[in-house]
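Letters A, B, C and D name the chains as they come in the text, with residue numbers starting at 1 for each one.
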Amino acid sequence: MIELDNVAYSYGGGELLSGITFDMQPGSFHFLTGPSGSGKTTFLKLCYGALVPTAGHVRLFDRDVRGMTRDDIAMARRRVGVVHQDVQFLDHLPVADNVALPLTVSGRTKIDELANLKELLSWVGLKSRADALPPELSGGERQRAALARAVIMSPDVILADEPTGNVDWEMSQRLLRLLVELNKMGKTIMIATHDLALIRAAKTQVQARVLRIANRQLQLAGADL
Amino acid sequence: MKFTPSDMLSMLVGDPQADRMVPPTGFTARLTVITAAIMAFLAVFALALSLAAGRLADRWGEELARSATLRISAPAEQMADQTAAALRVLETTAGVASARALSDDEQRALLEPWFGPDVPVDTLPIPQLIEVIEGDPGFDAQGLRLRLQAEVPGAVLDDHTRWRRPLVEAASRLRLLGWTSIALIFAAMAAMITLAANAALAANAQVIAVLRLVGARDSYIAQAFVRRYTLRALSGAGIGMLAGLIAVALLPAAQAEGGFLTGLGFTGPGWLWPLIIPPLAAVVGFVATQAAARRTLRELS
Amino acid sequence: MKFTPSDMLSMLVGDPQADRMVPPTGFTARLTVITAAIMAFLAVFALALSLAAGRLADRWGEELARSATLRISAPAEQMADQTAAALRVLETTAGVASARALSDDEQRALLEPWFGPDVPVDTLPIPQLIEVIEGDPGFDAQGLRLRLQAEVPGAVLDDHTRWRRPLVEAASRLRLLGWTSIALIFAAMAAMITLAANAALAANAQVIAVLRLVGARDSYIAQAFVRRYTLRALSGAGIGMLAGLIAVALLPAAQAEGGFLTGLGFTGPGWLWPLIIPPLAAVVGFVATQAAARRTLRELS
Amino acid sequence: MIELDNVAYSYGGGELLSGITFDMQPGSFHFLTGPSGSGKTTFLKLCYGALVPTAGHVRLFDRDVRGMTRDDIAMARRRVGVVHQDVQFLDHLPVADNVALPLTVSGRTKIDELANLKELLSWVGLKSRADALPPELSGGERQRAALARAVIMSPDVILADEPTGNVDWEMSQRLLRLLVELNKMGKTIMIATHDLALIRAAKTQVQARVLRIANRQLQLAGADL
């Protein structure tokens, strides 16, 4: 689905990531860890075409990112649900509309999708806040809304950057369960997180692999967790 | 990038869903509307000024161009004959709409400023004046002079060229001034709407980023903004134009005593001219927002 | 809220540290500068128009007001005596700067348009004309008429009132038009700068929130913005004014043949007028930003 | 230092917090927990005068918040370091200037303070990023910069809202150590967090008390952690 082939990335100074080769298999479940500032967000951005590698090749659904037009990228994004680390919304639209945004922009606003929306909102605990505006949400509520927005299209891949940084343990378990369910439906999941307890919990439910960014390289973390 | 009117139309009627993506109020939205309104208001005044200048120039040019004077100096006893002969010549001259010998009273009125009310016109050897009104394609002054020379030796044709030249020059200067100011105001209007649309888009960078993140295509995003801001420029300019028209109509003494200087205002079909302002503002808003949206989008991966 | 000039000055020289708190570039910053520039540019043109209209009005009013004509109709043998008597009367009249009998040639030139170049002025019973140039406080036309009646029975004073009235009215209309347009442009300038400053502040809501969070006082935050935007309005208006002056100076045929209509432009001390535009823009920018900053701050805890 | 006396708060709907009485003793160390959306951020905002209670009284350094002018509030904020949950900076100034911002706005830019700044930046691991602009920071780097900004004035009270949500375990220990040091110097600390491991770690270093918001009430959590 998403392939990185000897990829390097630099924001202008030294190389932040280099020589990264990685093939995201359909139906896999990955965690991404690494110290703060090691390049997890950068790695995810490479994976959904927000950044173009300074060396090497990124292939998104078998097409090289460099050769894709802006519209190609837009179409690919409909198959990739992303939870940003700093979640952003359309601040003038209520939460429900924001969560449904991917449906709206791709012209899919059928009745059954909307039923889906309600169920999703209550799963992430935002049923009572569905009519609130995003600036009126708490930090954790924003993260949950962002996760709901990322999965509403039922995309092939879900990339979540620190989706549980601001939610309590119970809620993070609930969100994890949602992602595990989706993974069991065949979706590919990658979660960047610092929360080792979350990774441990996930390992009991699903066959998750842990990637670690260290020294500009992507490594498969062993059983040391 | 090129835009045909049909592009513009399809954008304007386009997806009402996309419309909701752009924040409906806020300072930047008001900025566009109010800017368009103010500039349209000024443009109405510039138009009024320009049209008034044009009218004035036309009148000066025309009044003088359309009339000429034939002066017949002859011994008293031949005066009537020569006058009749001259009128005959004039009647058969192509380009002369009408010709008329001035009556004694009229001649006296003309002379009054110089000689007081009691000029003895009848006893004085004053030339007879004939007022010649030119027709539309005008007459050939040189040809007329030749014919007159042959048939009415005492006639001198004065086609007012000498008087006309400086007035026509002044009038065309006035016209230039009017069009300069209108060009300036329109350019300023375009610049201001462009600025406002750009500022509005800059303020909405987050909206654009979010839409792009969830997989909206560039054309969808651009359309949402372009539609909104085009309509805002249109409605703002419409409001400004109406306000301007009302203000011009209320301007003191606009059309009174129209004697020497016509009032600042619109006459007849001139009232239709300001109607081009809102569509013009809309086109400017359309092009500016389109360009700004594309530029903002290109900076975003 | 009231601002004295010294408030404004102390704000402007104020803390250069605070200055850094406001983003130096970006669209909203440019918006303020360019808006001020465009409106200043237009204001220069409005000023030029206004001053030119004023000059024209002055000239029309003055040329006619400052001269009068005395017309002496008398039998040929008394003409010289009466003329001399009239000149004596005029010389002793307060408010008459000079008086001069027109020569035959001059009289002929005046009559030429009506009678052709060969009017027999000497043999005709044409009145003698005396040109009277008024002094600064002007003469009392009624009193002069009474004196002339007694001493020069054949004299008629024409002080051109009849000619003057419509021209003076037209001129004052032109002046009104000039000042209306200048008032409009200045009002539009104020409105646009206010809008731009407000939009800029709205775009900088985050800066204000951060400063407030770390314990900056309202006056500190307001000052940082007010200083920046006042300087931006000032410099923008300065640039616009210079561009406007250059454009006006380059305007085709501005001062040539100044005959009937003076060119659109500045003369003598008129060139100093546009200098008020940048300070005016700065004051508007100051007041607008001050008000907008206080309003934004009040909404923030 | 900060006293809440039978305080209630509502954003317009029902009451979010009610009947809260709490006295923050100088030199104390508190954690604040509770489910996402329970009102932790709201509570902290009441504590630094960003919100005015809908009922009851909040006293900031012995003055009722309702009676304080805007300038009084500004002066009080110089004695309270705050880490917002959604950290914000002046995006056009480098990180170092942003961290020094509280010094700048209060007119304290002496040499020794600047030496202090350098030390602080290297403690939070931002020495190498001191000249970067805030939008160029990673999520965790932003949080660390915000913490550094909150403590640079050496304020009497430090209120931190989820300051470790985006940093790795090692770094969060490091940040905790900084806060513990400050507490030992007599500063009063309150940290809102979901990270139970962090609380446990703190308890080994300092006598920390854990407050919990549940059912609109503030409760002292027992030894159940």
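In this text, a contact is a pair of C-beta atoms (placed from the backbone, for glycine too) under 8 Å apart; a residue touches a chain by one contact, two chains touch by 3 or more.
Bear in mind that the values here come from a model prediction, so they are computed numbers and not experimental data.
Here the chain-to-chain distance from subunit B to subunit D, counted in touching steps, is 2. Under the touch definition stated at the top, subunit B and subunit C share no contacting partner at all. Centroids of subunit C and subunit D (each the mean of its C-alpha atoms) stand 62 Å apart. Distance between subunit A and subunit D, defined via averaged C-alpha coordinates, is recorded as 29 Å.
Computed centre separation for the pair subunit A/subunit C is 67 angstrom, with centres defined by C-alpha atoms.
Not a single residue in subunit A touches at least two other chains. Looking at subunit B, one finds that none of its residues touch two or more other chains. Contact topology of the protein chains: cyclic, one closed ring where each chain has exactly two touching partners. Here the chains touching each other pair up as A-B, A-D, B-C, C-D. Across the interface of their complex, subunit C is touched by residues 26-28, 30-31, 34-35, 38-39, 41-42, 45, 49, 71, 73, 110-111, 113-116, 118, 120, 124-127, 129, 156, 158, 163, 166-167, 169-170, 173-174, 176-177, 180-181, 184-185, 188, 191-192, 195-196, 198-199, 202-203, 251-253, 257, 259-261, 263-264 of subunit B. The part of subunit B that touches subunit A in the complex is made up of residues 17-18, 20-21, 23-24, 206-207, 209-220, 297, 301. Residue ranges of subunit D in contact with subunit A, taken from their complex: 11, 33-37, 40-41, 85-86, 125, 129, 136, 138-141, 144, 161-162, 165-172, 194, 196-197.
In the complex of the two chains, the subunit D residues touching subunit C come out as 49-52, 70-71, 73-78, 82, 84, 88-93, 97, 101-102, 104-106, 109, 149, 153.
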